[in-house]
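Let me begin by presenting the structure, written as structure tokens, before commenting on it.
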């Protein structure tokens, strides 16, 4: 295992120290592994918290700041944070307008956030609504499974719901905005290599030099199928087609197109991928209203990418364009 | 009356479970690599390392006095909830919390009371995780194990024999997950590709039953 | 070779298509492989152009925009662009106040920019000043060598000189600001793995699983020495100490601390590294005025990082803080 | 008079150099991997593939009429400058530009005129790159090769024999770079670690001389 770390058990703790040192505008509660906006709680604003296993940086901690999250709870690598963290963050960010929990749909995340919400209700009577993202079309959606994973849409949702909260919308309204985003977004990912969980010390899966995994998640889970490596053009089709099968897009539709790097893939390749994705969409007459290209929801050092397409209306686009100031996404201020 | 389950026995169960988890840490993580995210061993080891001292002769500062099973398991369960994370944290945490609640404010129990408490724990796992036997989860170990325990006690066997039967059933339950198609948890994302791999959670649950047999049998 | 590309010969061309599609605010001259600000030339503003081999993204193309570069010339992977590109860009961005060439100190880059400047002088009589960055302390500096490489400081210089140009300073003044930055900045890099040049199709160097290269550049050039892999804390010392030997820093000194990812190293590791770097500097009483953590000057998919320390005075800091709006760096607008 | 260097011979030299570069493309890149950035073969092949058509019987549209050596090499040199990039683009580009300028507006040359033009080309490389023999660059091939060419011609040998001598000297010069410590170009960053590796540019320069021997000898 080749990593720029010290003891594998200390990775999350030390990364949080680094985040705190690099971003004095944030406040980090190291005991509870929570990253806060410097100015939270904001009176009258709905508090937004998210969290999840670490190893997906900049998600979630890098999205804390004006116009996005009030707090992010960092779990161990690929392990959902514990209810105590979300309870603490919830109490802390409440400015009197209630708190939205943004939860990626994984059994562990959902259960830990649920327990936190139960505790919050019992202890404080605070208004909490949880919105669960489940945008990964690689996973069969059925009542008989754990459902689809929450992946790339989470980034876009945190931005858009964050803007809605910043504009003073109520908890119910912010939650509706968030659900609207989740319903209109779909993602699909792929990996060229496995990641290495530091505590495990070896690749989660073995992938021969001439094969790739299509439909991977962001935890080094193997994908739905393994196929021979292929040119970017074909990879783009393998990612975009299943999305379009699930959420047809065509002339008249406007989208945010998001090509995400998995952590080990450099920007130049992501732009090559973006070009292919844009060509497919333009070929269908879809309008790309905005785009995002870069490593925003990663899987440690995994090489690969994911594509997220979010169908947008004008109000959603206005929320996307609204000012945001976080380590990971910043514009308008 | 030598079949009584005492508070010391319950403490020993927790300690033995912690020992087995640590011993099988890499193994559990390897199993989770194949159909999950390579952290089950790390998660359980972190949690049990934090929880085991509560059950020791000299609990760490901050531990509330432990005179009853409920006091023991509430603290063990809460510690797991707040240190494990992932899917296994709430599930094992809830299990111990429910076991504690079922045993209540006493320090000695009959085998049947103990078995009923385990069943309450398992019901907690079902309530929290909404899985069923056959979904390729810890329940595929727990349900056959607790059925065997009940049956063996009902047949008049000693607690030791009944727990030995439960362990056998737990191990068989664990093995039964290999051919299963996962329908809950992270392994369910793999669809057909989950078939042929033993479930990590069912494996740690088999250690839980085996620890009971060692500590209480 | 596992990469999200099509034909290796088309990587740069297709990445530029992707950049053009993803960033409609930029204008891309595909024939000449030049990325322009949408609003260049700006009358009365000094034009800033840079360029270099591709494979270092976001450098340079991702730093084109308000408050930074007016144009970036993209060479083939790791190959300096040709004079025709710089000549074309120079003519194009001139708003009447002259043009600054920002050149990383590599034989090829220097010669190609020199030829472009000679051509520009012959063809147009335009005022051109070239500032060469040479901040890499891994390289022995002597009149008998090609001198130090230009690495991380280039990113900071493009931002700071870009702000100076935006504020209306003259070409000579902007060049002075740029030289001031270069003189006060030092860098040192390391690699855990090699990169793979697409046209070469295999790793530039072989690095055993238990070794790393200290003092690498950004082209997959092997480093100065190969040592056993070590914890982040020791790696940080191996990078920071040579910088401090070359440019002593202590109480009273204020710096921008920049921990850069080489392309294949995820953000979580960079934050672990940043924590170690910050500890060393704080231990010496150095004030970290600003920080930058992320992959800004990369070497394809190479895993590793570099540390750049830039000693700053108040005017330099004010230029750093000034608004910037590029794909790679954005704040204040 | 059979020793005359004709425009057709010069065209053939360019074509043969292009062929040798393409043939040795991976080899040159491999050499550059060891002490550089793994692109010398790709760079030279891209440039010579673009320049070779200019020297062919049917030059591509856009090529100015070629009736003199200067017209030929100006266009070849400019094409290299505008397609190769890196260190080798300006250096090989300048080399051919200077060779063309030295040969001037004529189409037939004596061996001595040709040798003098090569020397002018090498002077251009020195002017542009400021390297000296011993720095582990193309000059370590070019200088001994041109010295041998001059000496052999001065000794009264035919152009063919003199170019054969030059090729031998070029190859020896190329080989002499292996033990050298690089003081110019990218390899200089390696310091002591550059020792023991053959310089890629000196290798492509040996192909340049060998191409002349084949085409003109």
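Some notes on this structure:
Note that the chains take the letters A, B, C and D in the order they are written out, and that residue 1 is the start of every chain.
In this text, contacts are C-beta pairs under 8 Å (C-beta built on N, C-alpha and C of every residue); 3 or more make two chains touch, one makes a residue touch a chain.
Being a predicted model, the structure only gives us computed values, none of them experimental.
Where touching is counted per the definition, the chains common to subunit A and subunit D are C.
Averaged C-alpha coordinates put the centre of subunit B at 55 Å from the centre of subunit C. Between the Cα centres of subunit A and subunit C there is a gap of 29 Å.
Computed centre separation for the pair subunit C/subunit D is 32 angstrom, with centres defined by C-alpha atoms. Looking at subunit C, one finds that none of its residues touch two or more other chains. Along subunit B, no residue makes contact with two or more other chains. Chain contact topology: the protein chains form an open path, each linked only to its neighbours in the line.
Residues 2-7, 11, 14-19, 21-23, 54-55, 57-58, 62, 192-193, 209, 212, 229, 231-233, 235, 263-275, 278, 288, 291, 293, 295, 298, 300-301, 303-305, 325, 330-333 of subunit A touch subunit C in their complex. Across the interface of their complex, subunit A is touched by residues 29-30, 33-39, 42-43, 46, 81-91, 128-129, 183-186, 188-191, 193 of subunit B. Interface residues of subunit A, counted against subunit B in their complex, comprise 53, 75-84, 106-108, 111-112, 114-115, 138-140, 144-146, 149, 197, 199-200, 202, 204-205, 217, 219-222, 224-225.
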